[in-house]
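See structure below.
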Amino acid sequence: MSDSPARPPISRYPVPKLAELPDDIRTRIQAVQEKSGFIPNVFLALAHRPDEFRAFFAYHDALMDKPGGLSQAEREMIVVATSAANQCHYCVIAHGAILRIRARDPLIADQVAINWRKADISARQKAMLAFAMKISQHSQDIQEADFQHLGELGFSDDDIWDIAAISAFFGLSNRMANFMSMRCNDEFHLLGRVPRQG
Amino acid sequence: MSDSPARPPISRYPVPKLAELPDDIRTRIQAVQEKSGFIPNVFLALAHRPDEFRAFFAYHDALMDKPGGLSQAEREMIVVATSAANQCHYCVIAHGAILRIRARDPLIADQVAINWRKADISARQKAMLAFAMKISQHSQDIQEADFQHLGELGFSDDDIWDIAAISAFFGLSNRMANFMSMRCNDEFHLLGRVPRQG
Amino acid sequence: MSDSPARPPISRYPVPKLAELPDDIRTRIQAVQEKSGFIPNVFLALAHRPDEFRAFFAYHDALMDKPGGLSQAEREMIVVATSAANQCHYCVIAHGAILRIRARDPLIADQVAINWRKADISARQKAMLAFAMKISQHSQDIQEADFQHLGELGFSDDDIWDIAAISAFFGLSNRMANFMSMRCNDEFHLLGRVPRQG
Amino acid sequence: MSDSPARPPISRYPVPKLAELPDDIRTRIQAVQEKSGFIPNVFLALAHRPDEFRAFFAYHDALMDKPGGLSQAEREMIVVATSAANQCHYCVIAHGAILRIRARDPLIADQVAINWRKADISARQKAMLAFAMKISQHSQDIQEADFQHLGELGFSDDDIWDIAAISAFFGLSNRMANFMSMRCNDEFHLLGRVPRQG
Amino acid sequence: MSDSPARPPISRYPVPKLAELPDDIRTRIQAVQEKSGFIPNVFLALAHRPDEFRAFFAYHDALMDKPGGLSQAEREMIVVATSAANQCHYCVIAHGAILRIRARDPLIADQVAINWRKADISARQKAMLAFAMKISQHSQDIQEADFQHLGELGFSDDDIWDIAAISAFFGLSNRMANFMSMRCNDEFHLLGRVPRQG
Amino acid sequence: MSDSPARPPISRYPVPKLAELPDDIRTRIQAVQEKSGFIPNVFLALAHRPDEFRAFFAYHDALMDKPGGLSQAEREMIVVATSAANQCHYCVIAHGAILRIRARDPLIADQVAINWRKADISARQKAMLAFAMKISQHSQDIQEADFQHLGELGFSDDDIWDIAAISAFFGLSNRMANFMSMRCNDEFHLLGRVPRQG
């Protein structure tokens, strides 16, 4: 756009250089870079505060990398729906890409972000997202009937904890990203949009 | 997704065949098809009611194809921001594609849809969208001060009418698309995401 | 009131004179004037933009003058309830008058405008208005269960389209009237309030 | 309406007969009847609980019949705006009639009820109603700046108390009327709509 | 706190001295002082307007001191839940103390104020509070089904009136206390927190 | 209460015994027990998931135990205000106790929890809480003007990060506690309510 401003920084706060970072953080970032081909900005933006960085990613890994009843695509659906409700650029775009890849579906992330009720997902997945949204928007109203409803759909108590914790954790992430105007890497917009062949 | 339902229809209501349609409507649809390479589903879904179809597209054209102070990209920004607030699959995805093309910017539609306040657009464009959102969400609060504020940013009274009317018209469009679960053509998800070269 | 301001204009925008208008628009306005005894201000205010005027009234007529399962009074109930939720002076007052006349009931318009849940209308009509309000306020939540519920009350799929489209169209109308501070003709306040005799 | 239900009672609770009432309450009601030509239903509906009746009308009179800086029409504006926000049939219709009479203006009550921001009232009266609505909807946000703003417009501290107390008292009245489905006398719909002559 | 402001007054409005008050009001206040050991500030703050004071406490007594199906602790639960929703310092703290005393439970007031759905109260009491909150927040939605639900739980029609009237009356009280920044006596914070022995 | 249910458990999920816990977690819990005289339930409830426990408390310590421009009492104010908005029993009661102790003020926690705008805190602290609430409720609206406003009141960019991160982290904590109906230890209700002497 001719009158658009200069490209803004990836965070309102100072972004440390890799060389300045503590070893464990630099090592983690380099591992991600090797795997993804680029460094997702969230790693650089949060590295401004090393102790919070470590806790944030420890929490993230405890929820997103653990085994359990929810598929990896389902966990990403929770992230995308929660982040859309919180209007978080970074998380909708970056986790939308991951959702497309995990679900091998180029359409699903836009659908879940815009209106998960109308997305091409199962009724069981919609119940999962309805609960995640209740955690995100009205957690004070959670009651035993919510557990019973999910239980009847086959979610275990541990699955339900996962749904709640993922929604709650990304609520934290959304607020931090909104707060510092964390900018998403351009790469994420396109990732997973062209279905893989073969 | 292994447990996703069969692909749903493009509308909850019957979709007429081209051959069954009145001549003027079929002609219009064929012209769009020739230009775009496919028929956007909104044309087929609304053709269930020919009189409403004619009025809808006459209104659309009166707002979107007219000359005026707003660029075509700016009009699409209004459509995308309004449609995201109303959580309308069809309009966010289809007009997001048009916005990317009009603005020659592969990132802008996701940014405006998720949180227009953080998008890579000018302060003037953000004021335009703030007014469009006030029309969409709290039109009862519009007051003379809103006109003065936009006037100071260089918007003419006719530009302001355009902003309001585009937001109001797509509010109608969003409600109809949500109501009939209008499905977006797959093509729109990818259009305009790869910047043109040369 | 001694300290009330001078009577405001019927629109914040210029209002064209009849003689200046395109023939088709002038003819339509004169027909209304002949029938009603006065020109409802909406015709004059929207004539500022002839193309939008034509599309607006074509849409209006396609929804309000067509045959179908909803009575004319029921269509006006939808207009009044939607317009009250959007706090639109023009539409509540003018269509309130039409509702009183169509329903031959001098009390109904005030009741529907203030709180349709408590109005002297049937349970079926309340279900119709509940759906119209969902279209107006939360169209993203519309789901198949809404159709089933209305179907059980005897509404056909075409009736349901009518309810949705009337609510959506008057949502557009309300936003435009709020935006330009469209003023209602004084005559509407009193029309239909004294029951006809004989 | 052919399918409308039988006319509902004036309250969901038993309505005492005049002869059964304590003397002071019957006397008060007869005085109102003599003055108005009919008994407003609120007197009969609340007489179900004599002690609450006495406190209610003592409070009412302390606020509405006292001298002070607010005109009687202005007090009724507060009642109508508050009651419309609370969607109370009885209070909007009955006090709308009183507002029309007090203000000698057949249009004002509909305007204030639908959207007080657009009514034919002064800027000072709009500030008064904005404060009344803040009391009604967000009293927890009232702060010293609100008092300063009203003071600059010429409202005394005692006027401000009146605005707040009238809005708070009718918030109570609205809730009770909504709760018991208190029905408004038909007479109120028409009162004050035809300007007096001479 | 080293940087906290000086202790604010008990009301933004003038607080009369006991000697200046009408006899009936002074007598009432002295009776409360004798019973409680101190004068609750609400008596002094409202005495600025003697007629409103009399109506306010007459209403209060008619609701809170009458016999009926609701226990005194249950009435105070309604007060605390309503007042917490309205964010009223005075009423949450003072009536929280009374609730602790009436229920002989040092924990209950904090629980009800923060989230009554999670409080150590019976399911029947939660239904009572859900209805009180509907009165307070959405009285326009009250319908016959609400009465039936409470009836099935054993509440009589007169009990239901009590629930509604207590919630509505304290909604008035909350708005007045918020408006004048009525300050709660320090004593209330601690009252009833240490369970009585013996 | 005679009809209150049996005392509910401290979490809806299984609570591990100390002896079953990993050494690092048991050691941490025993250290808290030694210092406080009892084990706050949050440690036992979250120990159901050791990895999440470790990340949660690492995050907590990184925000609450670090040096910085915010006093410890101010950090607790943020926790209490955020947790009250999220209606979280555990966090309002437990951190209310810590706030009373840190601020050496027996009244402050109730005031901040009920309505921080009316609490006995400085204008600067109210601005801090207004920002924390914006993070908690509308983080999508955060803009540069918010930073400027806080900067003018003497908050550094690092202080502002602390405010945001504390509000965001306790938003996570509130959602988890609401979700599992985490019960607060009785001790917290009374802690810090009697000012220390000497």
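For reference, chains read A, B, C, D, E and F in written order, and residue numbers begin at 1 within each chain.
The rule is simple: a contact is a pair of C-beta atoms (placed from the backbone, for glycine too) under 8 Å apart; a residue touches a chain by one contact, two chains touch by 3 or more.
Note that the structure is a prediction, hence the values are computed from the model and not measured.
Visitor: Spelling it out: a chain qualifies if it touches chain B and also touches chain E; which chains qualify?
Guide: Of all the chains present, those in contact with both chain B and chain E are A, C, D, F.
Visitor: For the copies chain A and chain B, give the interface type as same if over half of its residue numbers appear on both sides, and as different if under half do.
Guide: same
Visitor: Could you work out how far chain A has to rotate to sit on chain D, using CA atoms and steps of 5 degrees?
Guide: 180
Visitor: Weigh E-F against B-D on C-beta contact pairs and write down the one with more.
Guide: Per the contact counts, E-F leads.
Visitor: Once you find the CA centre of chain A and the CA centre of chain F, what distance in Å lies between them?
Guide: Using C-alpha averages as centres, the distance is 25 Å.
Visitor: Based only on mean CA positions, could you tell me how far chain B sits from chain F in angstrom?
Guide: Measuring from centre to centre gives 44 Å for this pair.
Visitor: What are the residue numbers in chain B that touch two or more other chains?
Guide: Correct list: 87-88, 115, 118, 140, 178.
Visitor: Which positions of chain D touch chain E when the two form their complex?
Guide: Going by the criterion above, the answer is residues 12-13, 48-49, 51-52, 54-56, 58-59, 61-63, 66, 86-88, 135-136, 139-140, 142, 144, 147, 157, 161, 164-165, 167-169, 171-172, 174-176, 178-180.
Visitor: Which residues, counting only chain F, touch chain E once they are in their complex?
Guide: Residue positions touching the partner: 1, 3-5, 7-8, 73, 84, 87-89, 92-93, 103, 105-108, 110-111, 113-115, 118, 120-125, 178, 181, 186, 189-190, 193-194.
Visitor: Which residues of chain A touch chain E in the complex?
Guide: Residue list for chain A touching chain E: 140-141, 143.
Visitor: State the interface residues of chain A toward chain C in the complex, per the touch definition above.
Guide: 115, 117-118
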